[in-house]
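Both of the next two complexes hold subunit A, though its partner changes from subunit B to subunit C.
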Partner chain A sequence: MAGLSRYIVIRASLIVPTILILYTFVFILLRVLPGDPILAVVGTRYIPPAQLEEMRRMAGLDKPILVQYFDYLLGVILRGDFGKTLASPVGKPVSEYLWERLPATIELTIASFIVASLIGFITGVGGALRRGSRLDTLIRIYSILTYTLFIPVLGMGLQYLLGLKLKLFYISGRLSPGIHVPKVTGLLLLDSLLAGDLSAFTDALRHIVLPSLTLGIVLSGAYTRLIRNNLIEVLNSDFIRAYRARGIPDHRVTMYAIKNAFIPVVTYMGLQIAMLLGGAILTETTFSWPGLGRFIYERIEYRDYSSIQGAVILFAFIVGLMNLVVDIMYALIDPRVKY
Partner chain B sequence: MALFLSTPILGFIRSFPQPAKSMLILGLAIVLSTMSMAILAPYVAPYDPTSRVYIEFQPPTWSYLMGTNHVGMDVFSRIVWGSRVVLFVVAASAAISMAFGVPLGLISGYYGGLVDRVLSIIMDSIYAFPSLILAIAVAAVLGPSPLNAAISIAIVYVPTYYRMVRGETLKVKQMPFIEALIVLGCSDATVFKSILRNITQTILVVFSLSVADAILTEAALSFLGLSVTWPTPDWGLDLRSGQPHLLNGYWWISMCPGLMIIALSLGFALIGEALSDYFSITTKV
Partner chain C sequence: MGGKSLRCISRSLIAILIVIVVIIAGLAAYFILRAPAPVAPKPIVIGVTDKVTDLDPSNAYDFFTWEVLSNIMEGLVRYKPGSLDLEPALAESWSVSSDGMTWTFKLREGLKFADGTPLTAGDVVRSINRVMAISGDPSWLVVEFVDKVEAPDNYTVVFKLKQPTPFFLTLIATPPYFPVHPAYAPESIDSDQTAGGAGPYKIARFQRDVEIVLEPNPYYYGDKPKSSIVIRFYADATSLRLAIEGGEVDIAWRTLRPTDIEELSKKADLKVIEVPGTFIRYICINTRMPPFDNKLVRQALAVAINRTEIISIALRGAGTPLYSLVPIGMWSHVDAFKEKYGDYNVELARNLLRQAGYSEENKLAVELWYTPTHYGDTEKDIAALLKQQWEAVGLIEVTVKSAEWTTYVSYIRNGQLPVYLLGWYPDYLDPDNYLTPFLLSTANSWAGTGYANETVDELLKQASSIVDQSKRELTYINVQRLYLAEDVPYIPIFQGKLYIVIRQDIEGVVPNPIMLMYYWPIYRK
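After this line comes the complex of A and B, so read on.
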């Protein structure tokens, strides 16, 4: 395993430039774009120039741009400091909001990922094993359709049918009022189980079903397509023919094929994470889910530029980290990866 | 329209094998009817989209095809006029991202070297980032307006064009006819033109698929209040403003514009799928 830990260290050090480029890109973008963030917060109200200067100083916008760049970066890395909010309430550390909101997004993302991979696995394997059948055509249409499903429309449709008409699930929020779960991880499903509170667990579950189903369905199409195409390719490969020639039963051959078809799927998960986080903004807004995405939406209304910057940069760090995790998983699954 | 009905194009469509042909025809039908709806909006829309024309929350009837909204505006008229905003933003953003992505991809793929490496690293990093979050961040700083929405969407899709064009250029560059052009002493401009002519199919496929995606991004920006402002008719904005009323059972206010977003995006996606089947190009957009 010494080789593997070396591989992880090398991979981890390669992630640093990716994160730095993302940070630099977001930083430059937010500054070279026309539009003064302070004036955007102020809007049409009259604010004395002295107070404007004070706001500018608080946001760190009065310093030279290079100083701003390193100040912010060091603040984020060393102290987890993402600057201060510019609007209602003014001057609160952005990081407080970010840490408060992050668990909700993580919980939603994990749940949606499970939904997406389950649906993708079933439809993808189904399509590949019955290639060319009517079922396969239906599955192919499904995968194109999910590509164009607009998250709020699907979410609102599910809210209307499963929430409003059938009353099976809750349509917004994470927990019913009056229910309290002691905070350990911030993931309500996990925390309620840790506390042994089964009624809180079912309540949280009935809240997360619709948002995770929405995001999961939208992302599942990509998995369907990927698993189907990979499996078809593997089923046609020489080693499968060799297994068959040796008289190994069909269901076992299929199992081998599925195992091999999964390797590229893992790489794709890295790309999916970006889509998952992007989709989270719309899902959280549609379902009033109090995560990072909804936080960005709320801050847009206040034109609170420093909060938006903080959340976007946190997202950049998460994307970089998750790509590292995927790389390591890839190395563990595929023995051909050299380390 | 005359262009689309001319015989070479009809012949081209006929030459598609099934099921790509049905996909192409369905996709073209959706896209062309939306485009004509946008162009002929004053004649198609029965009412003024921004004024109160009837009681609130009227369910769909023959005179109000998609009902009225929470302030008594005609939902159908709003959808007709709203198609202009979507198509404008998407067309503008596609033009901007192509104007940057295609030449940069060509230069990167053709010359290689340091420029290629630096550009590739930057483009890959942008590509890895959640595109919607990026578009939101840019739009939030630029301020809400359709043009700003177009710029934010354009930035997101530059890497998509760049990566595809760069990859194709690398392939085409090695073909004998390009080598021949270089040996003959043709200028770089001539060589580029020749490469470009050979990768148009790929650009066409990437265009259709990324426009399908851009429609959703545009809808997302206006859903989040980063494009037009009320009462300008816009599909994403109407979806958002209809949501509270959906939960009271008035589904038509939000679902009609919502389904239009999906339909238009599906139209472009079908065209893209059909074209990539036909040219047998595999893309990951």
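After this line comes the complex of A and C, so read on.
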């Protein structure tokens, strides 16, 4: 147990340098880009020069670069202060936006993860068990095709077909106008069930289907290939032959094989969190989904340094945390992992 | 045995999976397709790609936020729906002193904010002093004109101005002059404050960048709105178009592309209303950057533009050729460029360039800049057409470049761009707002043209304080004809039109030349 605790502590401590490197990279990148948050807001409007300078001073942009860097970093570490927005509206705590938008992204991420996993599992297992067949060929083509899909294009295609033409699902937003769900977790599907409002649940479900299908399909190809290849490898391994030789029923052998094939998939799922969050930016923009991804996209246009830095740090923390959870699960599942 | 068993297993597995999928699909179909419970009367949903930046008029300085503020608040005067005429609003009457320095407004009796709190002259004074103290983006609209504001009694508001301002009523109609609820923070910007003002609507719910829900204000003095309104924010024109086509919104406004408008106008369940616009598009020329410091070069570029072609091809007709910075329909407008140069005169352009020393062997090199998304998707096409037209002169070579908005603005303010496209939405509807910010040397640094002319400065300062309308008009006409069209620091191209796409069962939408939609007349048949 002491070994596991040490393992967890070491793995957890790796989150810190990850966030630090990412923050530094984003900090530099934002300041290298031409334009600044004040001009992004002011645009071509007439603002007296003295007022422009005052706006820069109030935003802290008159301070030396290193001071800005450490001010922000220490604010996040010591006070959980992600700074204030530098653009439209100016001066709002960034953390308010982050906590307000995060549930929408989490909900979309979870739903997309379920879609990707389900599709990946079904097609991966099917392809492995029917190796060499026409079905297997189709599944392999599908897994390659998903790599070429561009989220906005797939998203708009699904919006047009399933939203506009067949009118099965809604093409944007999280809820229809006039429907309100009391906030408990911010996850509308869960909150509507907690409120006992089945109409709101249905409405929220019809809104989340298309964006989660879009992101889920794009990411499912990787699962398909991983599960298929792992399962084929495991099915050909010695211990499976040994099980069969001992007369263990085939369906149980297959279940053992699937369980073993899943161990590397669990690790991959941790990495997928980062891809899901990254893919959320495009998905949320395409579907006007009010999550953190769309928030980052909009704030980049404003050069809102605080908002972008805050969102990136939060994303990095979430990814680090999820990878830590996956590492712990992996250590518990796989007896070969030493700690 | 292994192969046969594997096939049996895989068949069983697939069968189990199919059963699970059918069960899930059945449940999903039940939930999705069942009729929802009856709900309250449907609000009218307006889709936009703009944003509400700040619910505080002391700091809000963009068109769409002003539209929302104009519906949840009201000023002492307002524009008559569908017109550029001002009419009484919170004030029932007003007078101005003979020297033009003192404006006195009489408030209606019984005015209240959206929660029933009485609104008096003291609230008007409080609100305007608040704008001056906070010094937000649009505060100059108050600070540069108002010396002080007083309330000698509960129904009288007196403005003492810094100089005679004949267009003061147009300023009063802008949101920085709107009285705000006492709940607004007195000394700081209150961006998410939903207490509003004394307009036809109150905010029921506001989720930034997602939606804003407006309900009729029960205490509004005038005609009550016919419907609740929900405004939904979309990321781009494509999403908005899909939303109006799919029936998720009832009104699509600001901003669809010309191609979208064209196609949506053919749909049987939709109708398109054209809104006469007061926004203008123009080319800026950096008069301090060689060779554009040569007036002949600037004139040649102005003369070689075919506005009709640009409007027809790039905008699908969504614009009107413009020959001055003052828009068509506004008093003092003259077609200054057309009067001086005619319309699209390639031969004249050649002559001017030859006088400037250019030839087929020594062509004028022009770097033309645009920004790809800020003014919509048509910018690239406009730039491409300008390149084509200028190169058709035979003595010009054009390189087209672009930068995204924030970078673009930075380059402009630093005077780094030679020739570039820009647009202007007015702050207030007066020729002063179309000439002073562009031509007054102490006010035009934002435009990056570096234009400075002492005579023009003097004329504009005089015109902004002359009370006599006819003298003002003559001054502005002279500025357009003798200086703008002669010196050419800007080349006006077109005056824009906006379009509203509406479902067939929606009535009451009145297109306003001020380009702000009033929601209260709108209803569902």
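Annotations
One rule holds in what follows: the second predicted complex is superposed on the first by the 305 of 339 C-alpha atoms of A that agree within 3 Å, B and C clash if a C-alpha of one lies under 4 Å from a C-alpha of the other, contacts with A are read in each partner's own complex, and residues count from 1 in each chain.
Operating definition for what follows: a contact is a pair of C-beta atoms (placed from the backbone, for glycine too) under 8 Å apart; a residue touches a chain by one contact, two chains touch by 3 or more.
Because the structure is predicted, anything quoted here is derived from the model rather than measured.
Shared-chain residue A:H251: touches subunit C; no touch with subunit B. Judged by the touch definition given at the top, the superposed model places A:L164 against both subunit B and subunit C. Touched residues of subunit A, counted separately for subunit B and subunit C, are more numerous for C. In the superposition on chain A, A:I122 makes contact with subunit C only, while subunit B stays out of contact range. In the superposed model, A:M156 lies in contact with both subunit B and subunit C. Of the two partner chains, neither subunit B nor subunit C is touched by A:P211.
After overlaying the two complexes on the shared chain, residue contacts for A:L198 are found with subunit C alone; subunit B is out of touch.
When both complexes are overlaid on chain A, the residue A:S288 reaches subunit C alone and has no touch with subunit B.
Of the two partner chains placed by superposition, only subunit B is touched by A:G278; subunit C is not. According to the touch criterion, the shared surface of subunit A, contacted by subunit B in one complex and subunit C in the other, consists of residues 33-35, 40, 156, 159-160, 164, 171, 285-286, 297, 301, 303. Note for the complex: subunit A touches subunit B at residues 17-18, 21-22, 25-26, 29-30, 33-35, 37, 40, 137, 144-145, 147-153, 156-157, 159-160, 164, 171, 270-271, 274-275, 277-279, 281-282, 285-286, 296-297, 300-301, 303, 305, 308-309, 312, 315-316, 319, 323. Those residues of subunit A whose C-beta lies close enough to touch subunit C in the complex are 33-36, 39-49, 51, 54, 88-92, 97, 100, 122, 125-126, 129-130, 156, 159-160, 163-164, 167-174, 176-180, 198-199, 201-203, 205-206, 244, 250-251, 254, 285-288, 290, 294-295, 297-298, 301-303.
Partner subunit A is touched in their complex by these residues of subunit C: 2, 5-6, 8-10, 12-14, 17, 28, 31-32, 34, 36-37, 39-40, 42-43, 45, 51, 53-54, 56, 59, 61-62, 135, 137, 140, 188-189, 191-192, 205, 207-211, 213, 230, 232-236, 238-239, 242-243, 245-248, 403-413, 422, 424, 437, 443, 445-447.
Against subunit A, the residues of subunit B that register as touching in their complex are 19, 121-122, 125-126, 128-134, 136-138, 140-143, 155, 212-213, 216, 219-220, 223-226, 239-240, 243, 246-247, 249, 251, 254-255, 258-259, 261-262, 265-266, 269-270, 273.
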